[in-house]
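Labels for the chains are A, B, C, D and E, by order of writing; each one numbers its residues from 1.
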Amino acid sequence: QTKITVGYTAVSEFLPMFVAKERGLFAKRGLDVTPQQLAYSSVMPAALQSGSVQIAGAASPVLLLANDNGMKLVGVAGTSVHQRESNAIGLVVKANGPIKTPADFVGKKVGVPGLNAALHILTRKWLDDRGVDTRRVTFVEAPFPQMGDLLRGGSIDAAITADPFLGRIVQSGVGAMLFPVAADLPAGFSNMLYMTTDAWEAKNGEIVKNFRLALQEAIVYAQAHPEDARADMGKYIKLPPQVLAALAVPSFDASLKASQLTFWADTMSQQQMLRAVPKLDTMVAK
Amino acid sequence: MNARIMDPAVTSAPLIRFDNVALDLGGRRIINGLDLELGRGEFVCVVGPSGCGKTTLLRLLTGLVQPTSGAIFRENTRIDGPARDVAIVFQDYGRALLPWRTVAGNVSLALEAAGVPRSQRPSVIQPLLQKVGLAAHADKYPAELSGGMQQRLQIARCLAQQPSVLLMDEPFGALDAMTRQSLQDELLDLVRQTGTTVLFITHDLEEAIYLGDRVLALRANPGSASSLAQSIPVDLPRPRDQLSTREHPEFLRLRRYLFDFIQEPHA
Amino acid sequence: MSRALSSWRADRLGGIAVLGALVALWAGVTTAGWVSPVFLPSPSATWTALRTGMQDGALLTATLATIERMLIGWLLASVIGIVVGTAIGVSPALRGWVQPLLEFIRPLPASAVMPVAMALLGLSPGMVLSVIAFGSVWPVMLATVHGLSSVDPRLKEVSRVLGLSRSAFIVKIGWPHTLPDVLTGMRLSLTIALVLAIVGEMLASQEGLGSNILSAARSFRSPEMFAGVVLLGLIGCVSNALLSVAERSLGQRASAR
Amino acid sequence: MTSAKPSAIPRWRGILLPVALLAFAEITMRMADVQSDTLARPTDVLAALWRAMQDGSLLAGTAQTLGNALAGLAIGGGIGLLAGLWFGAAPRAGRMAGLTIDVLRPLPSVALIPIAMMVFGFGHGLESSVVAFTCIWPMLAFAQDGVSRVEPRLFEVSRILGLGTVARAWKVILPAALPRIFVGLRLSMGIALTIAVTVEIVANPMGLGYALAMAQQGLDPALMLALVLWIGILGWGLNAVLLAMQSRLFAHRGAAA
Amino acid sequence: MNARIMDPAVTSAPLIRFDNVALDLGGRRIINGLDLELGRGEFVCVVGPSGCGKTTLLRLLTGLVQPTSGAIFRENTRIDGPARDVAIVFQDYGRALLPWRTVAGNVSLALEAAGVPRSQRPSVIQPLLQKVGLAAHADKYPAELSGGMQQRLQIARCLAQQPSVLLMDEPFGALDAMTRQSLQDELLDLVRQTGTTVLFITHDLEEAIYLGDRVLALRANPGSASSLAQSIPVDLPRPRDQLSTREHPEFLRLRRYLFDFIQEPHA
C-alpha cells in the first residue's frame, strides 16, 4: 500500500475520490489515500511543494498560474468538464437591486470567492463577452457563506456563486439569479483537476495511473448508485443534510486532456494574467 | 514630664489630638497607646531609634494611613485623609520628586494643585528657591541634583503649599552643617511669621532642642507600653540664635539630659 | 557632544549594515534555491516588480490608501487605548466592571471577528477601520494601564498630600510617568495597524496595498507580492522613525530621570 | 495602602456586562428573526458549544491550538525577551538592530505562511513558527523598554558587585524589568492565540481555527460562533493565569518603580 | 597642611592617586584640579557644602564615571571601571536595594557575585545582619523597612563584599545617635582588623574627626582653583573611644578649627 494524501476543498467535484476511498477502489490498486480537506485552494501549491500533500485538487487556473510563475505542476486527473446545461454556478444580483442588464455592472461591486480564481476569471470573461469594461467593475473577495449576508447588507451588488450557496441565496429571497452564466460559456473545459509537482509525477507515474483508474471506476459506480455516492460525500464534506441532499452533482470525467485547458489558456491570456504562452502539453501527465 | 501634655494652656485649644492611637504594620504593632496633643503654632520635634515608628507617626498625621485603633483629631474632626494645608517633607526625598519636571516645575506642582494662576507662579517660585539655595539650579532636573539639593527642593515644594501644619521627616539629614543652620533659621522665621504648627523628625538632638518647643522621644517595640517614652518641654527663649542659644545653660542641660535618656534602654 | 553625535552616525550606518546583511541573506537563500521562487522571489525580481509598479502609479496610489487607513485606524486605537486605559488604570471599580470583557475579546483573531463585523457593518471602510482599531488598541491600552499602575506609590502620596484632583493627577503625574510605556505601545500598535490595514483590505477588498498583495498572491506573482511587502517594511520603518522623532522631542524631559 | 487588588473585586461584576450583551443579542435576533450563514442566536451558539464539548472535538482542537500557540509564544517570546534584554542593556546594539526590526515587524502572515509551509509542511512547525515570528515584537519592545527604565542605580550596584553578564541579567535586570515584560507577555499571549487560529483558518488543517473554517464552510454559524466564543474564553483564562502569576510574583514590590 | 599629602610615609606606597583630575557635568565644572593620594589602610573623611561634588568624587573612584581630564590610579593602574573589591554605600539607599529581594536576599546578592556557595551564605549573612541590627528583619522586603533600616541594609551588603576599598556616602545619615555610634565603632573595628582603605563622606564634623586619619574639605564651584580646599590630618590616638576621644583636647581643637573653616566662604 502506498500512502498518499490528497488535498481537496468542500465542493462536490471531488465526489469520485470519496467514492473510490469508501468503496475500496484505491485500496484495490495499492493506494492508501487520505483525503485532506483545506479551507482554501490557494494554499494547494505550497502544500504540494512542502510535501504535505502529494496530490491536490484545485481549480484549473491554479495549474496555469503556478506554471506561469515558475512552479512546475502537472495535472494528473480531471474532476469534471463544463456543461452548458449545468446550473451549478450563477451570477446572483441583489433582489430588486440596480442591476438588470450586464451593462449595469459598471461601477458596481461583485463578490467572487477568490480573486483571480476560476469564478473570477469566468465572470470577467462573461462580462467581457458582453462588452462590459471589467476594469470598471470592482471585484471583492467574499467567502461563499458570507455572500448572502453581504448582498443583504448592500456591501456587494452581485456575486458569482455556486451550489449549495446559490440555491440558498435565491430561496431566501436576498438575491435573484439573473444570469445563469454556465449556459453562456463554451462546454468542455476542465473545471477542477488533481495536480502534483512534476518531480513527484516523474517518480510516481504508476501511482498516478492507478489513482486515475480508481477515479474512473468510482465515476461508473457513482452513476449506478447516486444515493450511496452522495452518502460517501457526506462523510467528507460536512454540510447540513438538507443542503447535501440538494447539492447538484456535475458530470465527471477523470481523464484529463490538454485540450480541456485551452479555454483557460486563451481566457487568461486575454485577461493578461499570464506572462508566457502556456505549454499545455507539459502540464498534463501522460 | 508627661504632665506637660496635660498643661491647660495647651489643652485648652489643641490643634491636633491623638486619642489612644495604635497601628499595626506587617502583623507587628509599631505604634501603641499614643495619647498626644499638639497646640496651634507649636513646634514639636520627634526623636527615637531607627525603625521606632517616627515616619509612621507622621504618615498617620497626614491621613495617608489610618490607625488600627484609636483616632486622630484635628480641630475635633477626625483626620480621614490628606488635607491641602498639611504639608509633608518625605524622608526619601529622591522618590518624592517628579523626575520629568525641572526644579522650578516641581515647586510649581504645589501651586498648580492650589490653583495659583500661571502668571503668578514664578513670583512665588523664585523667592522660595532663593531661600533653599537652589535659585541657580531652577532649570535642572532632579536627576542632575545632589542628594542635599533634592532634599532642599522638596522643602521648597512643601513651603509653596503654604501649609498650616508642616510635617518634616529628617528634612535636613543630607545637608552640611552650614546649609543646615541657615535653613533651620529660615524655618524658625517662617514659623514665627505664619504660626505654622510643625512636627519635625530629626536624629540630631541639638537640632531638636534648638528648634522645638517640645521634644518627643519615641520608643521602639512598645509592647504594651505607650510608644511615647518622653515628652520634654524646651524652655529656651525665642527668637533663637545659633550662637547664643547653643551656649545657653538650659540648652546644654537639655542636651545632656536627652543624651543620657536615649542611652538607657527603654524596652 | 561631537563624540556622541558621531557615534549616532556610526549606529545609523551600523543599522543599515545589519539591514544589508539581511538582504544579502535573502539573496543567498533565493540563489541557493532553498525556497521556490513562487513563494520567495529574489531581491532583484522584487526590485523590478517594485519599480514597474511605481512607474505605472497604481502601486503608489494603493500605498497611499493603505497609509491613510493605517494612520486613521492607529490614531483611533491610540485615543481609545489611552482613554480607556487611563480610566481603567485609575479606577479600580471600573476595572472590575469592564476588564474581564476586554480580556475576553482581546484574543479574538481579526479573521474570526471579521465575518461577524462584515455581517453587522458590511464591507464599508468603516468596518475596516473598526477592525484595525480593534486589533491595534491593545498594546496602547495595556501599556497605559500598566504605566499608571507603576507610578511610584510615593508620588501617589505626594499628589494626595498636595490635594491634586484625580484629573490633575492623571495629567501631571500619571501621563508623564506613563508616556514611555504609551509610546512603546503606540509603536507596536502602529505596525499592528499596518498589518490589519492590509488584512482588512484583503478581506473587505478596499483599494490598497493589501488588495495588491492578495491579488498578487492569488496569481502566484511573488515578486509583486514581495514588492508590496517591501513597501510595508518601508512604511513601518518610516513611521517608526517619525514616531522616534516625536518621542525624542516629547521624551527629552522624561528621559532625565 | 487600601488600593483594591484585582482579587478584592467581586468576580461577578465582570461577568455582568458580557451576559447583558449576549442577552441583548438574543432578544434582537429573535425579534428580527435573522436568517444568516454567519450569525446565530446566543442560545444556539451555547448549544453548539455544549455539543462540541461532549463529542471531544473541542478538547482535541483546543489542545492543538494551545500547544502551537504556546510553543510559538515560548520560542518567539524567548527570542524577543533575550533580544530585548540585550538591546535594552546595550542601547548601541539596539539602535543598530532598530532599522531591521522596523522593517521586519510589519511582515504580514500572508507572505510568511507559504514560506513557512515550504519549510515545515502542515503541522505544528508551520503554525508555531508563524506565531513565533509575530510574538517576537511585543516582547522585544516591552523588554527593551523595561530594561531601559530600570533604576540606573541598580545597574551600578550590579557593576560594583562585579556580577557577571548572566547573573546581572538574571538577578537584577530581568526582575527589575519584569513588570513591563509581563505586559509584553500578556500582549504576546493574545497575539499568539490570534495568529495560531488565523494560520489554522487559512492554511493549517488542525486545531480550533480549522474547525472554525470548516464550520463556516459547512454552513454551521452556531458552531462557528461557539468556537469564536471558546477562543475568547481561552484567551481570558490564559490572561487570568498570567495575572495570577503576576500578582504572586510582585506581591512585595511596594517600592518598585 | 597640604604638606601632609607629600608626607613620604604615605606617598611611598599610595594606594590611590588622583592626578590633576577634573570633571564636567551638564556643561559645568564640578571637580577641578584634584591632586590627591590615599595610603593603604587610610581612613579619609570628606566634608563640604551640599552640591560641592563629594558624591561625584566617590563615583570617580568607583570607575562608574570617568574624569573629563586627568586620571585616577590604583596601585599605578588607571581605574577604568568598577572592581569587585571596591564597595560603595550609595547616598540614596532606597534606590540601591533590590525591591524584590528580602533583607537577607539583598545581602546575599554580594555573596552570589563573589561566587560564595549557597550553603555558606547564611553563615555570612546572619552575623552581618546582627552587626547592623537587622537580624530580626531578615525576611522583610525593603519597602517594609524604615529609612535607617534600608541604610543599614546597604551597609551590610557592602561589607559582605569584603572590600579592600570602602567608599561610604553619608552612610549613617539617617541613623539616630545611638545606632550611629555603635556602627561607627563597628566600622573602626572592621577597618583595624582588615586594613580596609575608607573614603567616608559625612556632614557631621565630629563624626569626620572621630573616624578619620584625615579630613578633606571640598569647595563648591572651584572655578580655576582646586576642588580640594583643605586636607586636615587628625592626630588622635587609636583605638578611639566614644567618650574619651570626644573629650580629647585635640578633638575639640580640630572641631573648632573645622567649624571655623567651613564658616568662612571659600569661593
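Simple rule for what comes next: contacts are C-beta pairs under 8 Å (C-beta built on N, C-alpha and C of every residue); 3 or more make two chains touch, one makes a residue touch a chain.
This structure is a prediction, so every number in the text was calculated from the model and none was measured.
Trainee: Using the contact definition given at the top, which chains are in touch with both subunit A and subunit C?
Mentor: Correct list: D.
Trainee: Taking mean CA positions as centres, which chain lies farthest from subunit B?
Mentor: The most distant chain relative to subunit B turns out to be A.
Trainee: So, what's the distance in Å between the C-alpha centres of subunit E and subunit C?
Mentor: Measuring from centre to centre gives 50 Å for this pair.
Trainee: Could you grab the centroid distance between subunit B and subunit E? Build each centroid from C-alpha atoms only and quote it in angstrom.
Mentor: 29
Trainee: Roughly how far is subunit A from subunit D, centre to centre by C-alpha average, rounded to an integer in Å?
Mentor: 37
Trainee: Show the residues in subunit D shared as contacts by 2 or more other chains, in ascending order.
Mentor: 36, 38-39, 114, 118-119, 201-202, 216, 254-256
Trainee: Mind pulling the subunit E residues that touch 2 or more other chains?
Mentor: 92, 94-95, 144
Trainee: Where in subunit C do residues touch two or more of the other chains?
Mentor: 36, 39, 115, 118-119, 152, 202, 214, 217
Trainee: In their shared complex, at which residues does subunit B touch subunit C?
Mentor: 62, 64, 81-84, 86-88, 90, 92, 95-96, 98-101, 109-110, 112-114, 141-144, 161
Trainee: Please output the residues of subunit D touching subunit C within their complex, sorted ascending.
Mentor: 3-4, 6, 8-10, 13-18, 21, 36, 38-39, 92, 95-100, 102-111, 114-115, 118-119, 137-138, 141-142, 145, 149, 179-180, 182-183, 186-187, 189-190, 193-195, 197-198, 201-202, 209, 212, 216, 224-225, 227-228, 231-236, 238-240, 254-257
Trainee: Considering only the defined contacts, which subunit E positions touch subunit B in the complex?
Mentor: Interface residues on the subunit E side: 25-26, 47-51, 54-55, 91-92, 94-95, 133, 140, 144-149, 152, 170, 173-180, 203-205, 259, 262-263.
Trainee: Which bits of subunit C are touching subunit D when the two form their complex?
Mentor: Of all residues in subunit C, those touching subunit D are 7-8, 11-12, 14-19, 22, 35-36, 39-40, 92-93, 95-101, 103-113, 115-116, 118-119, 138-139, 142-143, 146, 150, 152-153, 180-181, 184, 187-188, 191, 194-195, 198-199, 202, 213-214, 217, 225-226, 229, 232-237, 240-241.
Trainee: Quick check on the complex: what are the subunit D residues that touch subunit A?
Mentor: Result: residues 35-39, 113-114, 117-123, 201-203, 205, 210, 213-214, 216-221 of subunit D touch subunit A.
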